[in-house]
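These notes are about the structure you will find just below.
When the chains are written out, they are named A, B, C and D in that same order, and each has its own residue count from 1.
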Amino acid sequence: MLEISGITIRYGPFLAVNAIDLRVNEGEIVGIVGPNGAGKTSLVKAIGGIVRPDAGRIVFQSRDLSDVPAHLRIGLGISIVPEGRGLFPRMSVEENLLMGGYALASAEEMARNIERCFALFPVLAERRRQAAGTLSGGQQQMLAISIGLMSTPKLFVLDEPSLGLAPIVIAEIGRTLRKLRETGLTVLLIEQNAKLTCSVAQRIYILTSGIVRHHDTADRVMASPEVLEHLI
Amino acid sequence: MTGLMRRWLAHAIFALAAFATPLLLSGNRYFAFIAGITFFSVLWATGMNLLYGYTGLMPLMFGGIAGISAYVTIGLSANGWSFWLAMLVGSVAASLVGIVLGLPALRLRGFYFTLCSLVIQTVITLAFVYFVNLTNGDVGISHIPLPELPGGRQLAGTAYELVLATIAVIGVVVLTVIVESSFGRRLTAIREDDGLAETLGINVTRQKLAAFFVASLFASVGGALYAPYVGFISPRSFDVLLSLNIWVMVAFGGRGTIWGPVIGAVILAPVPFVLQDYYTIKDVVYGLLIIGVVVLLPGGIVGGVKRKGRADAPAAVAKQAAPVR
Amino acid sequence: MSDTTLIILLSTITTGLMLGLIFSLVAVGVTIIYGSIWMPNAANGQFFLLAALFAWSTSVSWGLQPALAALLVIGSSVPLSYALEILLVRRFYDVPNRNISYFVLTLGITQILSGIFSITYGVWSDQFQLPPLVPGVTMLGPFPIANNRLAAMLIAAVLLAILFALLRFHRYGRALRAVFQNRDAAALRGVNVRGIYRMSFVLGNAVIFAGGVLFACAYSFDLTIAWTMAITAFAIMIIGGPGSVLGALVIGIVFGLTQAVASIFASPTIAAFAYLGAMLIILLFRPSGLFAR
Amino acid sequence: MQKGYKILATGCALALALSTTALAHEPVKVGFVTELTGPWSFFGTSCIAGLKLAERHLNPAGERKIEFEVVDDQTKSDHALAAARNLDVQSKVIALSGPTSSDTALAINGYAEQNRVPFIVPVAAFPQLTKPGTHYTFRIEPDAAGWGYAIAQFVAKRKPSAKIALVYSDFALMRAIAAGLKYSAPKVGLKIEPEIVFPQGTSDATVQAAQVRAAHPDYVVVIGAGGFDNTLTNELLDIGIKPDQIIHPYGITTQVLNWGQRSVGSYYGTFFDANLDKLTAEGKQFVDQFRTQNGRPPSYIENYCYTTAYIIREAIDKNPSAADDREKFRDAISALKTKEPTSGIPIVFDKNGARKEYMYFMQIKDVQKTDYKSKQVFYIDWNPEAIPVYDLVK
């Protein structure tokens, strides 16, 4: 579904991402694990069209994305929840969800998706009028995931959903992601938290200093924790 | 070592040109006067460069500080003080006011402070109009006597312009010394990221206030000398337009470089005088000049020329700050 | 309550509202543009004056119906904004510290416009007055108020209400606020950020133009109002919080009422000192404005 | 700079060569620094329009030619000063003239006195321009403080012991007029209440209009300029003050046209108009020509600038050696005893260069789109010593 080949991103003299190849198949959950500064977020920005890569190609459903501007990628079915959650802090929960479905053409689908999100996270329904910036960290992350789901995506990209959350909340996020896996959604999960990622994803890429160091199934990565420890 | 020598060579050439100009123009009081006004602009632009170019603060009440100094100096010398003593007291007093007016900069980040200083400048102008007893209100003060030199002679004509040239040269040298000192490096660190500067152990508050004091000193020395040179001051002499003009000179020439603001002042200050006969198009030409530089040389003249040399750098900066959408 | 007290009370309220609504309009225009494109539009006062002068030309020189003239002028801001956006504004969307580039740019525009005004309109008169939108006087109890001014006030209020509703409830308004609050996230949700930039520039200028036209309808004016209005609009934006439409609205009306009330009890100069001083104090305690994010 | 120096050197050499040859055939140059751009540009350009009409009659055949060198001062004092310096040093003008605002006039006044250049101010009423000790400055417009005096005389004649509401903008000129009125009113038994001052940059005055009305005054004296003056007057009329209760110490034609039909009965002073009782044939021609060219009747500004050209001509005609010597020119102007060619009103300067004072008030009727009628209702000539103008305004 998503095919990344030879992507390179530079900021001046600094090489953030160095010729990465990566592949996500339909219905699959793929995890990217790596430490701070590994180039994970740059990669997400390139998929989202926020940063233009210096080299390489991103192909989504056999369509080359290099000429597709950021705001049109969501229409193709790519939905990204960026690092820092990408909320609109002074808008209410409901308005945030409406923004999540900004690309939707039909009001019906919008209403349906909002109901689905409220079903997934009932706490959001309770707080639908509250400003997003005043929610707790965990609730904000739930809202972020809901926003991402609002556009009925084909590919769901999550950047660091566990960042700054308490372990108990991280566990809850994990449960949610596994629930999403059952619905057949294709997910690209970018995380520092390898344990969470391995518990959700089927395949894992390990990224450090802008290079893919290791690539394997989640089970095998879990089975040999020394690889992880060595690399991260 | 050669770099250092080259730097001081530029200063020497500047000083030579500055001193030669009034002498060469001494036959024509009008051109000499324009040169004199340009020296004020050089001094003021250099002072504002310390704040805007090196500390990253954009104070649009600069003209107001010059005005406070001018009014204090003229007020004291009208009460029988020697002009030079009055100027010393006036400049220091105005610079202390400058520190107080700089206080909001400690709390306000980036452009908020600029907008705030715009309002501060408006308050200062209002105060000049309102405190009639001290400033003679909007009538202004005319017939300002020329400064007395020791020996009873008056500072006038070419001698005055030479003094102004000296002050302008001293201003540029002082800025260079500051920029190369550890104080200057601390200021630059603050400009780049004042949070980071704080963690590096720099007392951001004290450095910013010190920068305000020094820059205000540039403004106020200029203000004190401006009043007798022009012979007339009124609240409109030191209004927001002066501050904006000085700032435009800095941005136009290239902020954060020693010579950019000097070049900006030398180009822009004489424009209204040179175009005096073409008054119908003067403002339009001035405006187009500013727009042209901003569009074609975003870093100002000096910054733009420097940047052309390392073409890839700004693109990288642009990508980091405001990514492609 | 005696008639005298009532007259002074009613005149204070109407003056405060009239000025406040116009301040609000201009400040909303300024804050929409600053909030989205980071453009501190120093030329906003000149745009305001341009609208007022153009309204004068169309209604006095060309003899158009005042209402028609007003619509024409506000409409004319759209092609003007588009042209400026394509020629100049667009170039800086990706420039770091673009607010400073924009500030210089708009100062250049200010210089050009004020130069043009002084050699065109400035030659004709030192003051300009439009024919009334609605003639006659209405009695509010003992207080007579010109219908013209009531109409201008009403239109300003309606415009602000429409604007507020647009930004609060319409899809585009929501997208605009989303861009204010989190540009990248908005782009990821499918918002065409450049499109929003352009729209907010056009909308902001149209609102400033509307303010200028209504001012010209309610008051006689001269070329000096440009700077007064520019500084006032900036002050309102700072206090209200850049990018906050609600802030601009509330603080604008507070400014207008303060000016009206203070002019009875104290010297208006003291009033000017007082509210600019209040602004500084507010900034020291809430540096990002009262209604900031 | 090199190039500039060369031009300069050539210029100096030329000037030197010229000064040694006979100057008699050279035109007499007068520097005219005025407000062609900036906030006061209307006054400067109107002034030039008046001056241009005078230039037609200025140079009859066989007489030494007089040339005006017009320079813009952007309504800024430093530019006015630079322009004055340029005209003095470069063009070697015999005299300076032109400013129509107090700011620029005061700046040039300082330069002229310090550098001994005769300076004829066409339009600037601020008293300090001709304060005691002034030697080179002459002012054609009457003293602002004196306008206040004239208004007091006028009101006292209309209604003894009347109550006046005084409303004025906080500008130097307006304060000077108000000071004259406040000094003179009690002396003729008038009461001033309330007194309301507006800061610069005000735009609304409904509240103050309400205060004025609450005081039930017999007359309201409105001293302002520009858009605000107009707004204030409209607001006073809105709130029920009668047009003939409102007195403007001065007004310009575009302002009158702005008032439209509602201005019936307003009073104006120092106002030049086709309906002056003393209008001469040349004056009638001046009004007609001006109206043809500019689409509106002239105001006092245009009249005084027209008159400026006239008195320079007269001074030189009476005393040809004054054309090449600034001291003699000053003396010639100072000794002039003549009349405004347009209105026949005498022109005599006192020892400080202030003109002896003459005031006339016009009642405006029948305002059309570009025209109006007016009737002269009051005229007073008086001695400037009647009130201590220089002590009233610092």
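The rule we apply is simple: contacts are C-beta pairs under 8 Å (C-beta built on N, C-alpha and C of every residue); 3 or more make two chains touch, one makes a residue touch a chain.
Worth saying up front: this structure is predicted, and the values here are computed from it rather than measured.
**Q** Can you name the chain whose C-alpha mean lies closest to the mean of all the C-alpha atoms?
**A** Ranked by how close its C-alpha centre lies to the overall one, first comes C.
**Q** Among the chains here, which has the CA centroid at the largest distance from chain D's centroid?
**A** Between chain D and the rest, the longest centre separation is with A.
**Q** How many angstrom lie between the centres of chain B and chain D, each centre taken as the mean Cα position?
**A** One centre to the other, that is 37 Å.
**Q** What's the distance between the Cα centroids of chain B and chain C, rounded to whole Å?
**A** Going by mean C-alpha positions, chain B sits 32 Å from chain C.
**Q** Once you find the CA centre of chain A and the CA centre of chain B, what distance in Å lies between them?
**A** 51
**Q** Give, as an integer number of Å, the spacing between the C-alpha centres of chain D and chain A.
**A** 75
**Q** By residue number and range, which residues of chain B touch two or more other chains?
**A** 126, 129, 279-280, 282-283, 317, 320, 323-325
**Q** Got the chain C residues that touch at least 2 other chains?
**A** 115, 118-119, 184, 187, 193, 269, 272
**Q** Where in chain A do residues touch at least two different other chains?
**A** Where chain A meets two or more other chains at a single residue, that happens at 49-50, 69-71.
**Q** In their shared complex, at which residues does chain B touch chain C?
**A** Listed in rising order, the residues are 58, 103-104, 107-112, 114-116, 118-120, 122-123, 126-127, 129-130, 240, 244, 248, 251-252, 279-284, 286-291, 294-295, 298, 317-318, 320-325.
**Q** Residues of chain C touching chain A in their complex?
**A** It comes out as residues 171, 174-175, 177-178, 181-182, 184-193, 195, 293.
**Q** What does chain D use to touch chain B in their complex?
**A** Per the touch definition, chain D meets chain B at residues 1, 4-5, 8-9, 11-12, 36-37, 71-72, 74, 76-79, 81-83, 85-86, 88-90, 102-103, 106-107, 109-111, 113-114, 126, 128, 170-172, 199-200, 393-394.
**Q** Per the contact definition, I'd like the list of chain C residues that touch chain B in the complex.
**A** 38, 40, 42, 88, 91, 93-101, 103-105, 107-112, 114-116, 118-119, 184, 187, 193-194, 227, 231, 234-235, 237-238, 242, 269, 272-273, 276-277, 279-280, 283-284, 287-288
**Q** Help me check something: in the complex, which residues belonging to chain C touch chain D?
**A** Chain C reaches chain D through residues 4, 7-8, 10-12, 14-15, 18-19, 115, 118-119, 122-129, 137, 143-146, 149, 215, 219-225, 228, 259-260, 263-264, 267-269, 272.
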